[in-house]
Amino acid sequence: MSVWDFIITNAPALAIAVPLLGAFLTPLIYRAGRKTALIWVLSVLGFTEFLALLLVYLVNTYGIQVYVFGGNPSTLAIPPDSGGIPIRIIFTVDGMSAFTALISSTIGLVAGIYSVASEKGRGAQDKFFALLLLLVVGMMGMALTGDLFNFFVFLEINSLSAAALVSYRIHGGKAVEAAFKYAVVSSIGALMILFAIAILYGEYDALNMAMIAERMYQTGFSAMDMIAMALIVVTLAMKCGAVPMHYWVPDGYGEAPGEISAMIMVASQASLYGLFRMCFTVFGLSANTHSLGWFLIILGLLSMFIGVTMAFLQHDIKRLMAYHSVSQTGYMLLGVGVGLATLGTSAFNQYGLFAMEGGIFHILNNMLYKGLLFLTAGAIIYRVGTSDLNKMGGLAHTMKFTAIFYLIGALAIAGIPPFNGFVSKLMIYESVYQLNPFLAVVAAIVSMLTLASFLKVFHSAFMGPKLYNVKEVPKSMLIAMGILSFFIVLFGIFPNIAMTYLVAPAAHALADPVGYITRVLGGGA
Amino acid sequence: MMSKIVRTQANFLYPFILIFGFYIVAHGHLTPGGGFQGGAVIATGIALVIVAYGYDRVKSWIKKSTLTATESIGLLCFILTAFIGLSTSFFYNFLANSGLLFGDKVSYGANPGYLNTAGTLPIMNLAVGVEVLGGLGVILMYMLSYGKEVSK
Amino acid sequence: MMNPFNPSISTPSGIWNPLVWILVFLLSLLIAYVIYLKGEKQRKKGMQEEIFLSGNKADGNTHIKASNIGWGYLEAMKGYYKLMRDIHTGIINDYVGWFLGVLATMLLIFLFWGGVR
Amino acid sequence: MILDIIHILVLIGLIATAYLAVKLRDLMACAVMLGIFSFLLSLEFFILQAPDVAIAEAGIGAGLTTAIFVMAIRKTSRWEVEE
């Protein structure tokens, strides 16, 4: 067996194992010097990115991948003496999982490149990089796992490492306070999810998502299932920052370093992935998806509107962007919620699937431009030393590249063609309009307000007389921003590249819970 | 530093707590408990000493960097054991029933419990025990190292 | 399977092609430039080159602070923002309270609408 | 029968220690009360046939958190003050 075959057969496990090994080795390697540790961290992140790409390729070519931990060959997902229950820990990789894994590892790689320069000269960097890798592990694990309890474990890894990273720059105790709030809120959420998992386990004797969905479909949707569903859906909606449970978002994103804000933003997209996975695959066959879909739509509308109006008020650049990520999450909830509300009806093929594709494409686009905007905010703070917009001005005189990258990100988030934000917003508007015109109107108004508040940032930070005599940021930060800008322009002009390989498989995978269940319960062959 | 009564009791109890913790770790695959529980019990022993003697005396006996390294080594042992199983699949129990270390076969039926069985599980229990001991110890030491003690 | 390098996406009510959009954009820039060239050559120098700042004198070194941008909008939406400021307390008990409130709301919705498909 | 009585006593003790931990003004006594609470909770886990959880609760709850509370109290003040 060659190395290549070995990597292909073990790709889902390696996608978790490699960054985990990287995280545990980083503190030891850091004793050999910062440069060695950086090379190690970046090569681990690069290999993880390669594995995520490989997973996308495998899923697009061979269908859903099932990986069994500790079992002999992959056909041992259901051992013969287990009575038809998948007892082992299983990783199930379908289009949506591979999509989420790809965006998680990409933002991890970009943040790693960015922090080469931005964290230079700060203390406790061995722990910083170990936690960064652990955060990647948490996101990838949430995306790839096919087991409910495993999902909870990775959710905890995700929130704890994110909380620790938020408090990395102590900032006179403000960052620590934000991290404390984030930790408390997410531990309460994780306890709720554990409670829901216990309910489901007590009822169906299984922790495997496919098995639970199958048994729930056979015995019918009971009142206990409803409680479990409410606990899981509301908690994951809180973890992805939907209004009115978004209060931790501006605190957490606002106080973290720039690249960590971008990573936590993608970590909450991983929670969004969990929400969609639960709604479609686990509860989609038995629960009332119409009212569930409308619940998500209303959360999405509130998030879009309140997020953007609150953002206009802010004069702290990171808090402003944090409120915008609340509002962008609203678009995704809206798009996929429309898909969920029409699931199983004839409307689904007319516009529901298209709305879902729009919502999922928006996740990718949001990762790109929101990540870029957080990185530019980090660059500004790196040079100016304050995050208060009132004290900034005239930065475009010297930080020309940062200004250009900021402009690309701002135009993309506001949905100005030909950048990528326009494509997904267009898809959401057109399909959502057919369900209810009011939804599309709100979405368009929110888009305008987004443009207004980013123009406000551009004017007050970059335009005007030269207030600061600063240099351009170091090269590694520019490279990180350049990578994201390149993909923004690429997906704006050739949206079908992302649509064909990433978005359409993800939307089809979500819309087909039966295929997922039969694949896992058929032994994964 | 606390009163002499507390210190004497700590001196007396400390070895017993340690032995009990290592017992739980070593028998993790046979009796209730395991790496995490055993490691926590050992860390309780450390906590007892720290509370009884205060940070200034303890810091010359237990180094923070040693505890951090202990934590890293425990985690590494765990993940490397999982990695060696990659010849078949991640976390594969390659030692079970092999006749090697922890590789004895167990016959069916009731038995008093043999320590030399279960393959990689005892190794992972030991690794987790060492990791939890280091991690909780580091938490305690850092809790203690910041701020001054208020004298009453 | 779609051709990934085909830039156009067909939506439920039309088609979107970024390359065509860029072409049209460049074309309209060209038209604007042509109109600009057609303009009067002997225009008067003076007022139109000065910076306009709500009728105030501006010398080019004036910088509007971020908090002053959108003053009219914020003034018009005063009531709404008062409400929003009251809701965003920053106290962690309130965060958890809102979370539990939404949880209860969702349970009530499903109890009255029915959760079964 | 005896096990039932022990069970009820443990439950009563849980409520009593939890109440005292909130009510007492001496913070060191509160920490000790929380330690006793954790110990009773681990007994309760044992009675409910979860020895694994019982050991974890005894180690973490009764041992470590009490120690951390004691350290924290020694660095602040021992008596609760009215704000």
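Letters A, B, C and D name the chains as they come in the text, with residue numbers starting at 1 for each one.
The working rule: a contact is a pair of C-beta atoms (placed from the backbone, for glycine too) under 8 Å apart; a residue touches a chain by one contact, two chains touch by 3 or more.
None of the values given here were measured: they were computed from a predicted structure.
Engineer: So what's the Cα centroid distance for chain A and chain D, whole Å?
Structural biologist: Each chain's C-alpha centroid was found; their separation is 40 Å.
Engineer: Using mean CA coordinates as chain centres, what's the chain B-chain C distance in Å?
Structural biologist: 56
Engineer: Quick one: chain B and chain D, Cα centre-to-centre, how many Å?
Structural biologist: 23
Engineer: Taking chains as nodes and touches as edges, what kind of graph is this: line, ring, star, complete or other?
Structural biologist: Shape of the chain contacts: a line, open at both ends.
Engineer: Sort out which chains touch which and give me every pair.
Structural biologist: Per the contact definition above, the touching pairs are A-B, A-C, B-D.
Engineer: Could you list, by residue number, the parts of chain D that touch chain B in their complex?
Structural biologist: So the residues of chain D touching chain B come out as 51-52, 54-56, 58-60, 63-64, 67-68, 70-72, 74-78.
Engineer: Note which residues of chain B are touching chain A in the complex, please.
Structural biologist: Against chain A, the touching part of chain B is residues 68-69, 72, 75-76, 79-80, 82-83, 85-86, 88-93.
Engineer: Which stretch or stretches of chain B touch chain D in the complex?
Structural biologist: Per the touch definition, chain B meets chain D at residues 24, 32-34, 36-37, 40-41, 43-44, 47-48, 50-51, 136, 139-140, 143-144, 147-150, 152.
Engineer: Which part of chain A faces chain B closely enough to touch in the complex?
Structural biologist: Chain A reaches chain B through residues 6, 10, 13-14, 17, 20-21, 24-25, 27-28, 67-74, 89.
Engineer: Under the definition above, what is the set of chain A residues touching chain C in their complex?
Structural biologist: 180-181, 184-185, 188-189, 192, 220-221, 225-227, 229-231, 233-235, 237-238, 244-245, 247-248, 251, 285-289, 291, 295, 306, 309-310, 312-313, 315, 344, 350-351, 354, 389-390, 392-394, 417-418, 423, 426-427, 430-431, 434, 452-453, 456-457, 459-461, 463-465, 467, 492-497, 499-501, 504
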